[in-house]
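Quick notes on the structure that follows.
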Amino acid sequence: MPSRRHYTLTASCPDQVGIIARVAGFIAQHGGWILESSYHADEGDEENGAGARYFMRMEVKAESLPFHLAEFRERFRVLADDLSMTWQISDSAVKRRVVILVSKQEHCLYDLLARWQSRELDIEIPCVIANHDTFKSFVEWHGIPFYHVPVDPANKAAAFAEVCRLYDEVGGDTMVLARYMQILPADFCARYPGEIINIHHSFLPSFIGARPYHQAYRRGVKLIGATCHYVTADLDRGPIIEQDVIRIDHSDAIEDMVRYGKDIEKAVLARGLRYHLEDRVLVHANKTVIFR
Amino acid sequence: MPSRRHYTLTASCPDQVGIIARVAGFIAQHGGWILESSYHADEGDEENGAGARYFMRMEVKAESLPFHLAEFRERFRVLADDLSMTWQISDSAVKRRVVILVSKQEHCLYDLLARWQSRELDIEIPCVIANHDTFKSFVEWHGIPFYHVPVDPANKAAAFAEVCRLYDEVGGDTMVLARYMQILPADFCARYPGEIINIHHSFLPSFIGARPYHQAYRRGVKLIGATCHYVTADLDRGPIIEQDVIRIDHSDAIEDMVRYGKDIEKAVLARGLRYHLEDRVLVHANKTVIFR
Amino acid sequence: MPSRRHYTLTASCPDQVGIIARVAGFIAQHGGWILESSYHADEGDEENGAGARYFMRMEVKAESLPFHLAEFRERFRVLADDLSMTWQISDSAVKRRVVILVSKQEHCLYDLLARWQSRELDIEIPCVIANHDTFKSFVEWHGIPFYHVPVDPANKAAAFAEVCRLYDEVGGDTMVLARYMQILPADFCARYPGEIINIHHSFLPSFIGARPYHQAYRRGVKLIGATCHYVTADLDRGPIIEQDVIRIDHSDAIEDMVRYGKDIEKAVLARGLRYHLEDRVLVHANKTVIFR
Amino acid sequence: MPSRRHYTLTASCPDQVGIIARVAGFIAQHGGWILESSYHADEGDEENGAGARYFMRMEVKAESLPFHLAEFRERFRVLADDLSMTWQISDSAVKRRVVILVSKQEHCLYDLLARWQSRELDIEIPCVIANHDTFKSFVEWHGIPFYHVPVDPANKAAAFAEVCRLYDEVGGDTMVLARYMQILPADFCARYPGEIINIHHSFLPSFIGARPYHQAYRRGVKLIGATCHYVTADLDRGPIIEQDVIRIDHSDAIEDMVRYGKDIEKAVLARGLRYHLEDRVLVHANKTVIFR
């Protein structure tokens, strides 16, 4: 995983002969040094008429190219159009702007701030937004603005309008629901497709909705899990980015499950967020390709 | 895990002060040497009126007691009745009689026979019953009788009557559905409660029913699993004995998932069956206590 | 895992008939309600002359006993002496006093403080001691005193004398080396047997000593790990409390391994510390019995 | 993972700009359809003077190319030489010929034969060679020749000369030591570099040599493992292909560890062998690149 400045190109297009040759050829012809590259051919699904599709991700050393992103975009567009590509390219020197939404639980927040503090997550956190003020001074100690936006069940619309406003104002490009515990309105979800990342405290699709550990306890499962996914209007049914589980047994009460679960939640969220920030996630047909 | 001859006592009763003292006192008073013992207090569930319940399992060195099981049972009954206990005791010198049901998939069958062959599973396999004759000569090579009982969808009742007859005739005490691929009739399930063990190829309660790998593929999960459970009339909803998962990614087609899944299925089935055979599983309220 | 006030008795003694009966009998005779109990018989090792030994741990509801710990200790001593027992009993209402030693890495410190903040770790942290002042204001924000004790290679003895003094002065009963990065002097280790817990960044006994991730990288292992252990004068060779691993592959540079490793380190340290604090760890012959 | 006939090209060369473009360009120019492709740039190691090196693996649909392997090889050589490449290409229609060596333990043998039987491993097994005749009739039941070559400690050379002769005679291209329990002579190892795969019953580099479970038991580790590696003259120090671990605890005797270990051994061997057979393993500097 290169720490030198690089451009990351992600793309997908209908599969055909010669895609890698043409894309890698374009980069080579300008002297581009490919640091890392990954490809995936999805065969499609005859049942629902989906055709074969090709996915790719390339990291190119920035200094090896004779031009910057604007020119890259202009030149590459011709080839991309010819391949009917959906694509984007980002510059590792431009830090992502991640807004964190929390409620009253600390584990994901502490974990994310520790990673930010050590530059393991090399991002900007322009602000933290919370529906409770529990972590105000903790967040501010880190030099990060904290906004308390209470969510009144009788008037959720106003609260989420304010969250929108803040997120847009600070120029966020990623919103992380770090155990935010509020269901986002459908129009809110629709406004930021592929930008909102949630951590759900169950191994989806098991135990959708409220109190998943209670559901798991009652069913007597032997492992519990957590799922990091993009938020869509369809509750807990967005594209899954990452999942993991931990073993429990009969001696674990619901409180124990909650405690174990926190460790899985923060680990899964951190991994999922990292994949997202490094442009390792390509979404297609409500599923994800993850180029680790 | 002692290999010397031992008696295994498993019991559960309403919780109260002094249970261990009285049970361990009874055993000590007859000179019984406890090799291994496990206890679990379940606090009950106020929501559904279930009271606190106590579970236990003890292995006692056979030679340390001055009497055999019949007399143990007689003497212990007084105490057990006084504690309103549900209990049983078994003798490790009496081999369990496990009947295996298979269809056309080999992985669980090979795995179980390898464990039986090396005496890792120290059981009798009085016969294998299959709805196809694929493994007839393989099973017979091991010196185990093989019965081919085809299941005609038009007349399942007759087929299962024959399976019953064979199982009863050979004196089976445990029936293992080693990817048997047939749904058992409700009255069949009811006849052998806590005796029929199935391996389901998903991490239950996700993906109940047919083609779970196809369901998992479509949902885009990042881990797939398997579940070993007791069979009840309620499809794939019996008490869970053991579960495990394995990581997959976007590059895995359904056939890859099937292949990975086999490894999890046979491992989970082997562990679950072992817990059952060593009387490590106590069932209560459609859940299991597993004293590992 | 009970949250009600309870006493935790841990003990080991030479194995013989009737140990559980006598100990559980003693508790029952005073009306003690056993919440959780675990037993382990170690068969000994003929090769080195170690005899069979019995280990146990019991949690007794405090309010169910008619006396407090002092009287329990007095009364129980007779029985314990008769069984040649090594034993102790603790009161869950008396919080453990855990001193954390850190250097410049944040991950374990953040993780422990998050758990302390949410009362998942229900302990006192009388102070944090560090050989760098990196986390001074972070720790103090939590209301915890921070002592900066630089370790000068030319005069380690003075530094560790100061650490000792602080630890004794604040009444610490557990010292956690949360990636402290200093080798403790032998006499220091000897002074606090079974009190100092370290997290080593390898799956011991692989890669003892300095720069284990570099060693792992060079050997080309496919999993890296972390080990939580009691510190003894023998570097990285004390009794192991907990271990875990994480998968890596050829694409992971040493920096990636360090990053993955942090997640394992903090998880393993948190679990190991919890076992220690709940008196779930019994040490014998440089190994641990962990009653989970 | 494509099941259609394909060619698999694996290669490595000094890193430079344009490698992918040139190789993918060569394939595209002949109409080659790339089913799967993976790349890895190793930055080298300044400490020991190793330069940056590039590794790749491509699967090309056989029918998409206008020529067969012989012509591919001839045409590709020019480009490969120009890039100073080490490379090979194989045809999925040509089955690999895997000779299995066993002793008296059954678990790996049963496991491999089950996978072969179901065509999960789509290979030829021209023979099984064993130093005991335990599995003669079992192997022969599968229609596979079985050779009993006893290894007399006084005359190992003669035994291994016979193993060589048999392996060469049946045209083996891969030799699997499925818990063969004999140390191969150095000249034997040197004769088949990258062809001999062993499963070692520990998580290397911990517990090299004899009786690793005894070593693990004495050290009190909390996880035990297995390692699949290429055999070199340096005992248990060849390039690692795959590893895994399983959790144990204080209650597990050495026999339990052996039993758990078997499950890990067979799973790790099966995965490692599969990577090898599908040309997913590239060896460099006693380490492996595994393109999963």
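Chains: A, B, C and D, in written order; residue numbering restarts at 1 for each.
Assume a contact is a pair of C-beta atoms (placed from the backbone, for glycine too) under 8 Å apart; a residue touches a chain by one contact, two chains touch by 3 or more.
What you see is a predicted model, and the numbers here were worked out from it, not measured in a lab.
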Mind listing the chains that sit against subunit C and also against subunit D?
A, B
Find the chain most remote from subunit D, comparing centres computed as mean CA coordinates.
C
Mind checking the centre-to-centre distance between subunit A and subunit C? Centres are C-alpha means, answer in whole Å.
36
Out of subunit D, which residues touch more than one other chain, so two or more?
36, 251, 253, 292
Counting only contacts in the complex, subunit D reaches subunit C at residues 40, 42-43, 203-207, 219-223, 225, 239-245, 249-251, 253, 286-290, 292
Help me check something: in the complex, which residues belonging to subunit C touch subunit B?
17-18, 20-22, 24-25, 27-29, 31-39, 41, 64
Subunit D-touching residues of subunit B, taken from the complex the two chains share:
1, 3, 36, 105-107, 110-111, 113-114, 117-118, 120, 137-138, 141, 251-253, 255-256, 259, 262-263, 267, 270, 292
